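One chain, chain A, appears in both complexes that follow, with chain B as partner in the first and chain C in the second.
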Partner chain A sequence: MSRIPVSALIGLGFTGLYFFVAIFAGWIAPYGMAEVVGGVWEPSSSQSWLGTDSIGRDLLSRMIYGGRTTIAVAAAATVLSFVIGSILGLTAAVLGGWVDQVLSRGVDLVMAIPTLIFALVVLSVMPVTLPILILVMGLLDSTRVFRLSRAVAVDITVMDYIEAARLRGEGGGWIVFREILPNALSPLVAEMGLRFIFAVLFISTLSFLGLGVQPPLADWGGIVKENKDGIVYGIPAALYPAIAIATLAISVNLVADWVLGRTSSLKGGRGG
Partner chain B sequence: MAVHPVVKLMTQRLALGLLLLLAASVLIFVGTQILPGDVAQAILGQSATPQALANMREAMGLNDPAYVRYLHWLGAALHGDLGQSLTNGEDVAEAIGKRFGNTLFLAVVAAVIAVPTAIILGLIAVRYQGRWPDRLISGVTLATVSVPEFLLGYVVMFLLAVKYRLAPSVSTIYDTMSLGEKLHAIALPVIVLVLVVLGHMMRMTRAAILNVMQSAYVETAELKGLRPFLIIARHAFPNAISPVVNVVMINLAYLVVGVVVVEVVFVYPGMGQYLVDHVAKRDVPVVQACGLIFAAVYIILNVAADVISILANPRLRHPK
Partner chain C sequence: MADPLVDVRNLKIEATAYPPGEPPQDITIVHGVSFTLEKGKVLGLIGESGAGKSTIGLSAMAYGRGGVRITGGEVFVNGRDILKLGPGGLRSLRGHEVTYVAQSAAAAFNPAKRIMDQVIETTLAHGLSGRAEAEARAVILFGQLGLPNPETFGNRYPHQVSGGQLQRAMTAMALCPKPDLVIFDEPTTALDVTTQIDVLSAIKEAIHDTGVAALYITHDLAVVAQVSDHIMVLRHGRMVEYGDTGQIIGAPRQDYTRALVSVRSIEHEEKRPTAEPVLKVEGVTARYRGTDFDVLKNVSVELHPGQTLAVVGESGSGKSTLARAITGLLPPTRGRISFAGRELSAEQRARSRDDLRELQMIYQMADTAMNPRHTVGTIIGRPAEFYFGLRGEAKRKRVQELLDEIEMGKGFIDRYPAELSGGQKQRVCIARALAAKPRMIICDEVTSALDPLVADGILKLLLNLQKIEGVAYLFITHDLATVRAIADSIAVMYRGEVVRYGSKSDVLAPPFDDYTDLLLSSVPEMRLGWLEDVLKHRRMESAGN
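Here is the complex of A and B:
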């Protein structure tokens, strides 16, 4: 490991912290997720650091458990979108021809409809459960991953070592997973960070609209929805998720920038 | 006779746009058909008798194959008949008509403010590239694009409506209001929408102009001793129009989607709120109609971006 820039370290630190808190939510949160500990919208005190929410639950605990749901759903959707998107994208690039045409035009079509609108249309008839949410988000997002991985892989498939592998008689699976994927990994990893953030924003938006994570489960978008009426009385409970989402987004961005920059310099990129 | 390449390209784009619209309508229709139950079940609920279900299906034409229903739906939609709402039986086209005007009003006001501001800020950022105005603008816009619309909405509401009482926190508008009153009522949602698209638009404008700034003719202009702002305005910007217009159109399309969430935040009587309300009620005809209209606006703006960037390219307008 060579030197890591300060910005990336900060990003890594915060991202790690969020994931750590999310994984160990049960041990870290001072109260239970649905435990009523006080009156409605109490200000912050030594008992509950962020105060209480619209029905007297501890807001800090809600934020911690909510972070777990948000991060878990977003991470699962991102992984799903990457598995589907990159496999299809690499396949399209390697096979070319009509497979590529069908897949690419299909993706063009799905991307022609705004993601949120399409998700709302589908969720109007589907039961809103966590697996369905992850599936819908993952599938819709895989179109973006497909675009990127196909574009990256098309550049790689024309390389000499791919031709050498073909002449050696390697099968399609070997070429995709052993020759192309390792070389396409760095832009994909950087993109993964951005897609993850997008997924966090997306699930929060859906939950805020009441069509995402359903109560009593907590998540950041839902916390805004539950506490939005407090805003008018000057109670900032609904604004804490804003801080959480913004800091998570910025720190993941910092890490993604670093990953992208580090690998492009490995390839002998200009200007170090 | 050879057709002018611009005409040919534009016809291609427009045809592609129409095809996309058609395909999008199929996708939206299919999207609402993949559920295990069906619309009749959704209306009558789980406890409905099989006979009642069968009657309902017969009445709604649900026994026809899916493609027949799709053609009926599309044909009716093209004639302006978007069906009846399942929850209150009101005519969807009529309900959307009023709300579409409101949504358009909100989006247009936001666009009128956001587009010039974004371009001017982009020009300033390029002029002072790497110095404090650039850093300030870039930093602030990075912050606004990292926060989802609805949270930005509540932050703005908390600061401007609750702390300083500059504008109402709920944007109710009705027909009898004067334009000034309406503008005051929608001040907060407009601010949020402007902030959301401003960031993207300004950053992409900045990148587009910076790209042009590397060209040889810009260097020539610099060596001639022109003032930096004149170089950007006269030499760099005209050549960056095509990408900038593209950026503007993409962001206007984005605005159309952002409107959905912002309307819910500020309880604005527009199409976005109508859509979200009826998704929760599983009112399929309304959702299909709203989805179709939002998708159509989005696709039209994207096609318009293509067409304008073709028109803005002198190499295509004056072929050799």
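Here is the complex of A and C:
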């Protein structure tokens, strides 16, 4: 077991903290998510550490519950996009020919439309519920994952061991999951960290615009939206979610970097 | 006696290794090697990969490649210790007093610049002469090196000339600044034998004409014997033997040198063809999709059970394409292929599982032929599982059996390819092919990426396995020494056609056609003066015509 570098430790610590708080939000948050505990935009006090929001709810509790929603939606969308994107991408690379053409051109078509506008159009006609949000974000993001996994796999499919497997008569399943996937994993894992952060930003953007997570459910983008008017009066309530998003983004990426380094050294042998 | 040009004393070189899962370790690559080189002489450094020959060669310009550090000893060039030089001193040494010719000219040239600009670049950078003068010298060198149209050769781009010409252009680049010493690092290893002989003679004449001293690094003793005055044999970073060329190849003192000299002396008795061939290729013509050029033209060969058919030719002759046609990866446009008495479908996907099982393949690069993320057990066990349904303990037992057959002991089963040596990797690939219990194995240049002694071991293993398992080999190679060692019949290919085909004794006996003659006479022989003899012979022939 090689030593974990300091940067990765910091990243792991913060990421773990965020996920821990998100998972156990119900126990950790001092007040309920929609509970009114004081006046409008009260400064921080011993009762509410971060003060209260635009209608007097405890901001810390809103942040904690909001983190749970944001992280859960982003994580679910990322997993969905990776399952769809990498399976289709690897399949396109292995099968080639018209399958590859149809899938790749389809992805090009979707990617030609700006993601945010596409999502806004879709969400304005669909009911905005969490499953729909996850589905829309996951599908839109899977085009990026498709591109990456196809590019990585195309390099691997020309290796002799893939040809050897084909000559043996192996089916697509073995070639995709046993021959290619283990070798494509490290760039995909690194990309997963990045994609997760993009998903966090995306859901926050949607919520800010009012087409994401709907009130009274809290999420970081929504908290910025509710408290943005306070900035004019010097109320920092809208800045806390921004800080949370930034620190989460950096720490997840520190972890992804470390995982990338570890798995790519695995390529040669068994790195501990 | 005057001071020698190069005087290396007790050279010690270290590098840092990063074994997976362990802390980095310092390992010694070169253990106290000493030698001297007089002006105008050529010293051959010879050894297997990992022997430290390139590392020692580069130390003559005080350079350590890829984290390699020179940690001890002295290297005197023209009387001063170059290891003590600062960056400025090294700059004036490198590319002026000492120059370097790399193995792969194609990778060493910048594809976006004309050859002339690159050849005279160091000369101009060192301010040794003006552009016109340097270009004039380059043209003279092009002529000396036998390049076509020396006046205009430099105007071309690297992709517009052949690999052999590019290698000679790089030699011109090294000679242009009038160095005292040139380091040749495997300059002909990547070339075909028919090209190698031209480059070799060009290098030899250029060394002779310019009076430069040279370090000639190679793994091929027969090649180095043609150009060098002295030879140093290296192994594991230590000197094994040092002597003049005649003594080293005529009367080697050390066992290791003797093994190198006698390499490729496997005796193999030719077997007569049997009644029913296992593979019959009839009139096969093939082209790659989207091209209108036939890479295989009307090829017909037969392979008999338990025998070896060697397919010989230089790169681009279509020998690997023939393998692709037989395996069904490139369906032929015309002709038929029958296997074990039944006709094979042209498309690999349409073949039965038994057809696939009985026709196995071993690749040139064992590195890329094995999935780096699979263990040896998975790699060898998969065909046993896939074709014979072996699982769990039965599969493990079968893998162990196969590992014994390829003379690799226990403990390899859970290793990853990266933890094996080059020869072991190729053995695992052989075991993977055997696991399918095939009738026939296509061996595509299986020994050309290996060191001579290791390659010898692989060939012996293949012959042995043929005796035990009765498997037939279609052996694709460009190396005629290998062919002599193992073939029963031979097909010589040239530009997609079989130009000569028959039993080994017939093909290798005169009268020869022109191409076979060229091919056979280009194979370096382990004796002094071979190069001169061949060239003299060829000149006489062309004068006679």
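Descriptive notes on the structure:
We adopt the following convention: the second predicted complex is superposed on the first by the 263 of 272 C-alpha atoms of A that agree within 3 Å, B and C clash if a C-alpha of one lies under 4 Å from a C-alpha of the other, contacts with A are read in each partner's own complex, and residues count from 1 in each chain.
Here is the rule we go by: a residue touches a chain if its C-beta (ideal position, glycine included) is under 8 Å from a C-beta of that chain, and two chains touch if they have at least 3 such contacts.
Every value quoted in this text rests on a predicted model; they were computed, and no experiment measured them.
Residue contacts after overlaying the shared chain place A:120 against chain B, while chain C stays out of touching range. When the two structures are aligned on the shared chain, A:246 is found in touch with chain B, with no touch to chain C. Once the two complexes are laid over each other on the shared chain, residue contacts for A:4 go to neither chain B nor chain C.
In the superposed pair of complexes, A:238 makes contact with chain B only, with no contact to chain C. In the overlay built on the shared chain, the residue A:151 is in contact with neither chain B nor chain C.
In the superposition on chain A, A:228 contacts chain B only, with no contact to chain C. In the superposed model, B is the one of chain B and chain C that contacts more residues of chain A. Legend: residue contacts after superposition of the two complexes on their common chain; A:23 is shown touching neither chain B nor chain C.
When the shared chain is aligned, chain C comes close enough to touch A:163, but chain B does not. When the two complexes are superposed on chain A, none of the residues of chain A touches both chain B and chain C.
For chain B in complex with chain A, the touching residues are 20, 23-24, 27-28, 31-35, 42, 142-143, 146-152, 154-155, 157-158, 161-163, 169, 253, 256-257, 260-261, 264-265, 275-276, 278-280, 282-284, 287-288, 290-291, 294-295, 298-299, 302. The touching residues of chain A, counted against chain C in their complex, run 1-2, 159-161, 163-164, 166-170, 178-179, 182-183, 265-272. Within the complex formed with chain A, the chain C residues making contact are 20-21, 327, 329, 348, 351, 353, 356-357, 360-361, 363, 365, 368-374, 382-383, 386, 416, 418-419, 432, 436.
Those residues of chain A that touch chain B in the complex are listed here as 108-110, 112-118, 120-126, 201, 204-205, 208-211, 221, 224, 228, 231-234, 236, 238-239, 241-242, 245-246, 249-250, 253.
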